[in-house]
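Some structures are shown below for you to check.
The same subunit A turns up in both complexes below, where it pairs with subunit B and then with subunit C.
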Partner chain A sequence: MLFKGAMALAWKDLYTEWKTKQTISTMLIFAGLVVIVFSFAFDPMNTTVKAIIPGLIWVIIVFAGLLGLNRSFTSEGKNDTIHALIVAPLDPSSIYLGKFISNLVMILIVEIISIPFLFILFDFKFHANLLYFILTIFIGTFGFVSAGTFLAALSSNSRSSEMLLPIILFPISTPILIGAVQATKIQLISPDKFASAISWMQLITAYDLIIFVACFILYEYVQEV
Partner chain B sequence: MKKYQDIELDYAKGVQPVSTIHKLLTYTTAILFIVLVYMAFIYSPVEKTMGPVQKIFYAHVPSAWIAGVAFLGVFILSIAFLITRKRIYDLYAGISAEIGVVFTTIVLTTGPIWGRSSWNSWWSWEPRLTTTLILWFIYLAYVMIRHMDSPWDKRARLAAVFGIIGFLDVPIVFFAIRWWNTKMHPIVFGEGKDQSGGGLEPEMLATLFVGLGAFTLLYIVLLQKGVMIEKAKIAVQAYKEKLQDKLVR
Partner chain C sequence: MIKIDNLIKRVGDKVILKGVSLNITKGETVGILGPNGAGKSTLLKVIATLLKPTSGEVTIDGLDLKKDPIKIKSKLGYLPHASLLYDHFTPYENLKFFSKVYYLDNVEERIHKLIDDVGLRLFTHEPVKSFSRGMVQRIAIARSIIHDPEILLLDEPHTGLDQQAIGILNNVVAKLQERDVTTLIVTHDFLQAAKVCDRIVIVRNGRIADDFLLEGQDINLLQKRYQSVVEGDSNAI
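So, the complex of A and B:
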């Protein structure tokens, strides 16, 4: 029941997104622009710039993700469909889960397109273990989206939600940013220290579990009328 | 859904008199602070390597302690609010967060002053410093949520939820930063053999404890004062609305 409702909601979100392609195209264009801005700020021809690639990956994910997260609940306000969701015979947690899944899918699509784009533009030679790299990106995104979806729901209650969300989301997601950037950096730049990348990934996983469970439980308090 | 319970205001009584306990606490705090100033500047010895700058320790550590207490208070009061839905808990949580932000600001300003002379740099991206900075941002965010334009019950509920999430986040932030960077703070209350973590002169330790006591009392006084002011604000607002109602009719 919980998953059925969540999947229905996620499907609804992704289907409307498929029809309009509004949010995802904005996120992709924004991600591309961030890459271009960075290529002006840090000369891509300089070999030392390779060291900041892991940071760039996460800056793109965070900023592009923020655009999508901002939309995910405010879009429900236009026709007051958020109230329809509240009165629907759904567990509040499955609303969270549904929104979480749709946000996760959208950000993952943006990552799949923009990270190779970044590697190409910065002429970065990828030598890391692809499977672990994808896993790192995935668990980092998982944590960011689980905190982000929750806080987007929280800030959507405010009239200035677009301004409130980054302010409340960035401090909460600092462990993700630190851990994910470190794990990515070790894998891409110094693969010989792979063991410490694993321990960073464990930290991210711990964060994911704690924050996801806490958000999952507390969500019903955010969504009360 | 649970019913919200607003605070009870007795308009007939007018402004509520300040309780004797509050007055007593205020005077005790004032005296304790004078004692603290005496102990910090005259009684306790000057530190050998750092010199008089080390005196900032007696304000820095208690402020950090109060910041911690205040944020733990926000966490507990937030849970209490979500369970009971009594507005009084929300008022206390809000004031506690504001006090916490003020004392974290004190920590973040006294820290660099001290650090400049003992580490020779204003700031270092060291676990405790960075965690304190992130903590400061988390509770600024909390205060911003409290200033949202919504009815009080909604605002209180959302703030309580954020207060819980924010507090759960702090230990993870600390561990993440600790792994990211090594430590620079000495462990004052000796860890390991022969108190190699640092250790303090007995006079210094006594001063520190007076400082902790004084700041803890200050926290309680400020908490009570803040809640009194909040209650007065609510009463004035209610009175205004009543008056407007009357004038319209």
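So, the complex of A and C:
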């Protein structure tokens, strides 16, 4: 029942996005702008510039992600549709799970489009293990979205939610972001130190689990109108 | 059916409900009236599980609101002033989504029947954002009863509706009365309250100020009792 409700909600959000394309287009435009501006600011032919690519990947994920996270609960304020979800026999955790799934899917779509675009514009020769690289991006995004979805729900009751969300999200997601940037950097720039990338990935995974479970359980307490 | 015992709801420093006790039996249609800020909508929101009580007990069909909220929610239909509908969705898509969150199966026929009942068959696949307030409210009515609720909670449902939409809403309430559905209506509209309710509860300053049966759609009795309680007109009765 919990998963069925969550899937219904995630489907609703993704279908709304499919119809309106409001959030995903904003996220993609932002990601594209970051890539293009940085490609003008730094000479892509310069080999030292390659060092900024791991950081750029996570700048795109974090800031484009914030645009999506902000809207995930504020959009439920229109016509008070969040009230319809609260009065429905949905477990509060399934509302969190549904929103988490839709946010994760949208950020993954942005990543699938923008990261290859970044590599092409910076003429980056990809020599890392693709599977581990994808895994690193996925677990980093998973943790960021776990915390982000919960805090988006918390901040949506505030009048200045768009300003509040980054302020409360960054301190909590810092361990994930540090680990993700480090693991990405090692894989893309210094693949010979792969063992330390694994350590960072283990750290992110442990943090992901703690954050996800805590948010899943605590969501009920931020739900009251 | 609904038993409320010494319900207190505090928001910040303000006490909205100051010890409300109320018993509503199955099949009753109860109108909740009172001046603005009396606590009517708060009372309805607590029953609808939107707000948690600060203290006191609310039991619905023998189930405790704090312990069994999910079971209680499946029995409730809630229709506030806002539509609770997704603008970009059509009536069909809205009802389909809400049938999923109520875990209903084989709902195609029911969705189309509800859309027919509220007179919007021609607009089944038009987005709700292009609808007038009256049309939106008709779909909102369909949304609130998609799961055949045992209790229907209506918060100022007649506000901003044209006569046709009021007629549809009253018709829906009348059909639910025939099926012994318990209905609570928060309203300022004495005429509609007299038409559809068989019991009136007047709330004032977070307390139940009056509670009486209304027979024969007697709007004069309703007005007199209301004036007596709310406006302090001792000569009204």
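Throughout what follows, the second predicted complex is superposed on the first by the 225 of 225 C-alpha atoms of A that agree within 3 Å, B and C clash if a C-alpha of one lies under 4 Å from a C-alpha of the other, contacts with A are read in each partner's own complex, and residues count from 1 in each chain.
We take it that a residue touches a chain if its C-beta (ideal position, glycine included) is under 8 Å from a C-beta of that chain, and two chains touch if they have at least 3 such contacts.
Because the structure is predicted, anything quoted here is derived from the model rather than measured.
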{"item": "Touched partner set for A:K12, first subunit B, second subunit C, both or neither", "value": "second"}
{"item": "First (subunit B), second (subunit C), both or neither touched by A:F122", "value": "neither"}
{"item": "First, second, both or neither for A:Y96, with subunit B first and subunit C second", "value": "neither"}
{"item": "Partner chain(s) touched by A:F38 [first = subunit B, second = subunit C, both, neither]", "value": "neither"}
{"item": "When both partners are placed on the shared chain, which of subunit B and subunit C touches more of subunit A", "value": "B"}
{"item": "Partner chain(s) touched by A:I167 [first = subunit B, second = subunit C, both, neither]", "value": "first"}
{"item": "Footprint overlap on subunit A, comparing subunit B with subunit C", "value": "224-225"}
{"item": "Subunit C contact footprint on subunit A (complex, rising order)", "value": "1, 4-5, 8-9, 11-12, 15-16, 19-20, 78-81, 83-91, 224-225"}
{"item": "Complex contact set, residues of subunit A against subunit B", "value": "147, 150-151, 154-155, 157-159, 164, 167-168, 170-172, 174-175, 178-179, 182, 199-200, 203, 206-207, 210-211, 214-215, 218, 221-222, 224-225"}
{"item": "In the complex, subunit B residues that touch subunit A", "value": "1, 82, 134, 137-138, 140-141, 144-145, 148-150, 154, 157-158, 160-162, 164-166, 168-169, 172-173, 175-177, 179-180"}
{"item": "Parts of subunit C lying in touch with subunit A, wherever the complex brings them together", "value": "45, 48-52, 70-71, 73-74, 76, 78, 80, 82-89, 93, 97-98, 100-103, 143"}
